[in-house]
Amino acid sequence: MISTAVKKTFRYLSSFALIVSLNFALPRLMPGDPVKNLIGEDVYVSDLVIEELRAELGLNRPLLEQFLAYIQALLRFDLGYSYHLHSPVAEVLQERIGWTLLFVGVSVGLGAGLGVFLGAYAGWKPETKLSRGLSCGFILLSCTPPYFLALLFLGIFAFKLGLFPFKGFYDTLTLGSIASHLFLPVSVLALFSASRNFLILRGSVIQEKEELYALYARAKGLYEREILFRHVVKNASLPIITLLALDFGFLFSGALFIEIVFSLNGMGTLIYDAIIGKDYPVLQGAFLLIALAVLIANILADFLYAVVDPRVRRPA
Amino acid sequence: MQKESRAYKELGVQRNLGLPKESYTLKESGLQKFGKIFKTFNRGGLLLFFFFFFLALFPSLFAPYSPSERFIPYEAPSEAHLLGTNDIGNDILSELVYGTRISLMVGFASACISTVIGLSIGLLAGYFRGWTAEVLMGFTDVVLLLPKLPLIIILGAFLRPSVWILILVLGLLSWESLARIVRAKTLQLRESGYVKSAQCIGFSSFHIMCTDIIPNLVHVILPKFMLATASAMISEASLSFLGLGDPSLKSWGIMLSFAFSRGGFIRDMWWWYLPPGLCITFCVLAVALLGFGFEPKTGVAKKEVVKLQ
Amino acid sequence: MQHNLKKVLIGILILLILNASLGAGAPSSSGAEAKAGIGNETPKVQGPEFQSKGEISEGILAYMQAVYLGAALRPPDEATLSKAASAYLLQLEKTKGSVLKIATPNTVKSASLFGDYSLGIFAHLSNPPLMKMDANGKLVGQLVDCYEVSENNTRWTFYLKDELYWSDGKKVSPKDAEFTIRYYGKKTPSARWINDTLKSSSFSEAENSVTFKFNKPYTRINLEFATYNLLPAHIWEKIEEPQKYIHEGSYVGCGPYFLKRIELKAGKLVFERNPYWRGPMPAFECVEIHFYSNLDVATLALENGEVDTYYKYASSYPYPNIEQLKKTEKFDFLEKTNVGLIFLGFNLKKAPLSDRAFREALSYALNYEELVALETLGYGEVANRGFVPPSMEYYKETEKLKYNPAKARELMKKAGYEDRNENGILENKEGDDLRLTLLVRQDSARTAELLSEYLEEIGLEIEVKNVDQDTWFTLKDDYKYDLTVTRSTPWGMLMHASWGSGYFDSRRSGKGVLHTLEDPAFLQLCDELLATTDSAELEKSAHALQAYYAENLPAIPLYWNRVVTPFNRDFEGWAADPLYGIYNLETFVEVRKK
Amino acid sequence: MNSLLDVKKLKVGFEGAKPVNVISEVSFSIQKGENLALVGESGCGKSIIAHAILRLLAPEARIEGSILFKGRELLKLSEKEMAKLRGNELAIIFQNASHALNPVYSIGRQLAEPLRIHQKSGKTDATKKVLKALAQLGFSSPEKYLKFYPSWGSGGMNQRFLIASSTILEPELLIADEPSKGLDPARIKEVERELWVLGKEAKSSLLLISHDLGFVRRLADKIAVLYSGEIVELAKTSVFFKQPRHPYSQGLLGSLPENGFVPIPGLAPALCESPSGCRFHPRCPFQKEKCLREHPELKAREERAVRCFLWA
Amino acid sequence: MGLKIEKLSKRYGKGLFSRETELFRDVSFKLEAGKTFGLTGPSGTGKSTLGKIIVGLEKPSQGDVFYKGSSIFELRGSEKKVFRRKVQMMFQDPLDAFNPRKKIERSLLDILSLLKIPGSKGPDKIRLMLKTVGLNEEVLLRFPAQLSGGQLQRLALGRILLLEPAFIILDEPTSALDVSVQAQILQLLKKVQAREKLGYLLISHDEAVVRFMADYCGKLEHGSLSLA
């Protein structure tokens, strides 16, 4: 027990270390001069100014020194300064992540619920027309690029039918406004999340229902539905916990496309703008944040797993 | 032991029915019905896949024109141009047909890279235990925790837009789940009687891995390979949308991104933006369905991957 | 309710008129004094009531003070009611809640008025720069009535307009102008040249003027000052790091509107009428700028009528989308030839493009008509050899570019590029096949496709190299290409010695520029242009420069396109300038619902 | 007749790629309080009979004949009615206890489940009963096990939990499906004791399915020997062990350690390819020509029934 | 010459943070040609591990195994190869002992090619072996899953015999089998032993089986071996 915990901690730490070093190395290894990117196009700037900026950014110091400075800064929660956004990256991220978390969180929740419920049904009765249809639908869905679906949704529901607004988290800061603005993006992301959960749970239920305990539950006198929801689903949905944690990164990136399409000013558009503008500090910071989020989600999942699955927390 | 058969083992019929394992009456009949939809899926998947495969192999047979030939731009579908023409007057159908090869290539090439890496790491870590395995799996876990798509997007932003770099990045970043399954399965297999006997008999580790372990991993590797292909194709399309694709090689993703950036969507030219989108979806579907077909019916492996230790 | 409102209105009006007498003399005189040489038209007058707008403004000033600052109201006196004032207030009342909505893909990324690129442009509405470019491409005063330049071009004096008030009620003073320019020089890297070269500055409250002395001659200050947003010194002098000053609003402005809120989460900017604005009253209470990360979505929103018009800096509304918009029959379009253009740049430092004859031959290889048809969908025209589009000042008519592949081949042969080994590819003078690298950024991928087709047609082998922005900069700066497709922006065309010279002068460096031309004749022309502010001399040199372009072809403009801006038919009064399109003060003051 | 369970001419087949008949015309009955053992080698269809009685077979199974439980035809009951019987009056103990228990629920919960389903017991009431059942099965501090999970205990422990769960409602008929398979000799003793106690105290009848003859001998009142899907000998335990009549029964006893591991020659046929004539004839030391051609009937005489021409 | 096991100990879990658990310590006994050593004891005491150590599948924590007077852990190169063939192990689950993806024929031919027996002699050798273990040639064309436990266990023995070993570790060879099949296999083992002068280490928890087979036996309990 202790050794696995230690091993896990070590792995989490080294993942984090890798992410941090990757984060540090990426912009420095890649082509292009970050300093030149800080200055707008078509603006005449003397070389002296460029050098000044370079010194200001510490890009002329030896790598190791830069790395140490970087680590020190990280320890102070200083993720650097974005010259494009004119504020410390940490502040930008802090400001942006809230809404994205809300948007992703709601979608993940809905997606998990929908996926588990429908997946359980489809796995339990895989031969019915409904569950075949569901399977086909979700497989198709999981095979569609997120932005494509988002644009189609927007085209149909917002433009053609005029049911929902086109952009933004809200117009006025009221619950109704937020709900109507977030309805489409959340639906799209939730569908994606659900499609992944659906497929996993369907397979998982198909497999779990063959387990002896399911047969024994029947031998105890439980009805079909009770066997499914009391015995099979809990076992079958255990993998979803870790899946959700691992998928956290995926969902963030799915959110990226959806945010662009729906002009949501969250992490996704932040990253997109940073890519377009080569805003390295923001890119680095966002990546670090997402990686950290995934890491934390995984730690939570491990913890949750131990709580839910007695096999893991077996006493000595 | 094989998990799925547990319930039926109780019935004691499995082993001595004297039928080939694949057609154990009970097991098969149990799986037959769900097997059926998989089969219908698979037949569809196979057909679709071969359709795309032939498009990729012999585009000139299917495409009415060369993809670079130009006609009147922004034409609606007509007899001459079944899917109309795009912004510079290329025949969209021809472009679509020629795009198949590039999209499939991106998918398969990156899946090959990830499969080779995943298989070797998983196999080595599973077969030889000890510190090397610890290090390999530790590394795998670390990679597993990296948020893939954001990282790919960021790498795509930093690197110059080239299909080859894209393939490499996608391949190098998507091997870890395969490595985990392979390792889990290898660990299981190396404890099996036949590997132990082979070791006793004196076969070399290499021989054992090649003849005893890898063949028994095929049904684990193939679905993963297919799913990796599918996800690489989606990633390529997504990156193209972000403007991180390689516009000189006209994959479906690039076509789609042109359709959006050059007014196809807004002019409601569904014959321009829908076909590449549907092609991606259906090609990925075909590949994924093939993958599901290869999937071991046990699903034990799946569970093991997901569970972190 | 209505009764009450009327009462209050009347009361206030009386008050206003009474107060108006305080400053009645001064405003009327300065308003008419449009000095010669500065083509600032007197604002169009809406009705006879507005003739004495000075009075009204003063009144309103007091009214505002009363309302916002809680000054005591004196009892109403109906006798002193003026028709003008009542009309004004009625107008105010009538337009209450009216909003003009503009869609833009130029998303504001951070709420930093000073730092965000897009926000800086949008802030022209609330904090207009001193100068502006008029519809004909001429530089005229915006906040200044006129300016003077010393003989040696080192001393510039700007005379500010009277009746400019900040939205907090303070008068705009020349100190604000001096502060603004100094502040920009100190605080932004791109304006550091000001800090480095500004020897001294001074202002005179009496003359309402501000003077800048530079340590070397500068001839383009009037142009430069068309970009720096005027800032209220009393607010910004307290802000040490303006770029880091993230503030959602409101901001004090002196334009017809002031920036009320920056709502990034809702994806919009909200401007509100500046209560102290003394010009003609804008017809809307609010102007909202809506951001769309995705162009298609912006278009859809426009089609649906969610917004009234579309604006993107230096760009047209996407041509492919126009047709769709026309179908709705809700929109009219404003067209203006773009100052910026797409051009084929050459690496003049390397054979064969260093050979004028080769370039000459190459110029006949491109199918300009088709480029116009495919790239601009007809919203453009074939360019002249003189590069500079007609929307620029001192435009000179030069020969039109012509497509004639036969002639191109013939000229190639004449210049010594011939396919002697008959492999379909021309050889250079040494006998090697001509393989040229066409370096493009991803947004010009389509153009590159067409160009390589044309060039291969005359027997050149083209390798298209699609790269990202960064790599393009690097390769371009290292001269690792033969041909490249790039674009110039209106600002880019004006920089350096103007007329696009900034893109070619080899003595310059910078992100978007090619710095390939080191021909002394060209450099001489640039220097001449940079040395004068005299319009006659400028015209002469500008014409010479365009003739040089036409003769030597340091780059080939692929087409001149038009900036098309759709606007809702229910509105009228749109105006566009070559630099900022419809986003100018004139538009916002003039535009109103039909 | 007041048999508790009366199985008549039970036939079970499976529809597959190639439909097979695995059980052919098996008939037996169990009286109240009587223990019957079904013995035979793996693959002879013992467990299928057990599952057929509880109707737990996959839907592909074809079941013919009749199974009367307390006079009710089980094969004609609806799934709902069947569910009411299962676990309540008819219970089963699976061989692989560790897998038959749901890994994610506590023992307390799983043991209480039958009470909740069939008796709608409240929580405290159920807990009380569970504790009692655990105590009965020899757990010294049963409270400890309420929050215990199957994966935490050993196989033997789980076997006892499973027995507790299956017997908590004191079913009238308990089917024990190979309860001794895969267990240590010591554990087998424990299970044996519990089953014995159960029969004595709860007055449950027991249908014991096993291939372990020693185990069966100590528990069962009657023994039915199954070979290739049919009963070849049915007799009282004491009689059977003293004097097995069918050649297969004789061979089976001969293979036991105490009889010197004398093997039956040849291999048991697979269920789907039963030989014609007497199914045992290829391995029978006493085979006659008739045995090759004709299929012998099960003939009853002197409290036993044997399917052999020799027995005629 | 026999196989001498001297003071073998096995401990598990030498991790940084996990406690070390001792499986058994100081186990010594001898295996002799033509004789059977029966090893019994409750499950979980390391009987199988002991067997695996002797065939070299696992390493002991302490102790040594001597074959023909030299320690088997110090053998290198070809010597090691030869020794490995001399001591073989038969496992509990016969189905598990064959690669499910290979036909029986393939599995056996692989061994012949390992032994470098020329292709012409192979079929004869296999036929002979099948006869020894009492199987029909038809089994060669089957996959392992198509054979019964008894058949497979016979094949497992036959496969070992192809290697011409001197000692076989029998790890619960019959506990997965039915009574009647168990008897068959035990008889077969005896027959082969008598003919080939093999030494057996029979690991079983079934004392009746051990009594029947073994010439001498020991019981592994609480970590140590007591000889009887």
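Chains: A, B, C, D and E, in written order; residue numbering restarts at 1 for each.
One rule holds for everything that comes next: contacts are C-beta pairs under 8 Å (C-beta built on N, C-alpha and C of every residue); 3 or more make two chains touch, one makes a residue touch a chain.
Nothing here was measured: the structure is a model prediction, and the numbers come from that model.
K.L.:
Using the contact definition given at the top, which chains are in touch with both chain B and chain C?
P.N.:
Of all the chains present, those in contact with both chain B and chain C are A.
K.L.:
With respect to inter-chain C-beta contacts, which pair, A-D or A-B, contains the greater number?
P.N.:
A-B
K.L.:
Hey, which chain is the most central one here, using CA centres?
P.N.:
When every chain is reduced to its C-alpha mean, the one closest to the whole-protein mean is A.
K.L.:
Centre to centre, using CA atoms, which chain is the farthest one from chain E?
P.N.:
Farthest chain from chain E, going by C-alpha centroids: C.
K.L.:
In whole angstrom, what separates the CA-based centres of chain A and chain E?
P.N.:
Averaging C-alpha atoms per chain gives centres 53 Å apart.
K.L.:
With centres defined as the mean C-alpha position, give me the chain A-chain B separation in Å.
P.N.:
22
K.L.:
At what distance in angstrom does the C-alpha mean of chain C lie from that of chain A?
P.N.:
40
K.L.:
How many angstrom between the C-alpha centroids of chain E and chain D?
P.N.:
34
K.L.:
On chain E, where are the residues touching two or more other chains?
P.N.:
If we look for residues of chain E contacting two or more partner chains, we find 148-149.
K.L.:
By residue number and range, which residues of chain A touch two or more other chains?
P.N.:
31-32, 151, 155, 211-212, 215, 238, 272, 278
K.L.:
Where does chain D touch two or more other chains at once, residue-wise?
P.N.:
Correct list: 42-43, 94, 96, 99, 268, 270.
K.L.:
Please name which positions on chain B make contact with chain C in the complex.
P.N.:
68, 70, 73-74, 87-89, 157, 160-161, 243-244, 246-248, 258, 260-268
K.L.:
Where on chain E is chain D touching in the complex?
P.N.:
42-43, 148-151, 178-184, 186-187, 205-209, 211-212
K.L.:
Where on chain B does chain E make contact in their complex?
P.N.:
Counting only chain B, the residues touching chain E are 15-16, 18-21, 192-194, 196-203, 211-212, 215-216.
K.L.:
Tell me, which parts of chain C touch chain B in their complex?
P.N.:
Per the touch definition, chain C meets chain B at residues 295-296, 299-300, 318-321, 323-324, 373-374, 442-443, 445-446, 449-450, 453, 464, 466-468, 471.
K.L.:
Would you pull the chain E residues touching chain B in the complex into a rising list?
P.N.:
52, 55-57, 81, 84-85, 88-89, 91-102, 107, 110-111, 114, 143, 145-146, 148-149, 156, 159, 163
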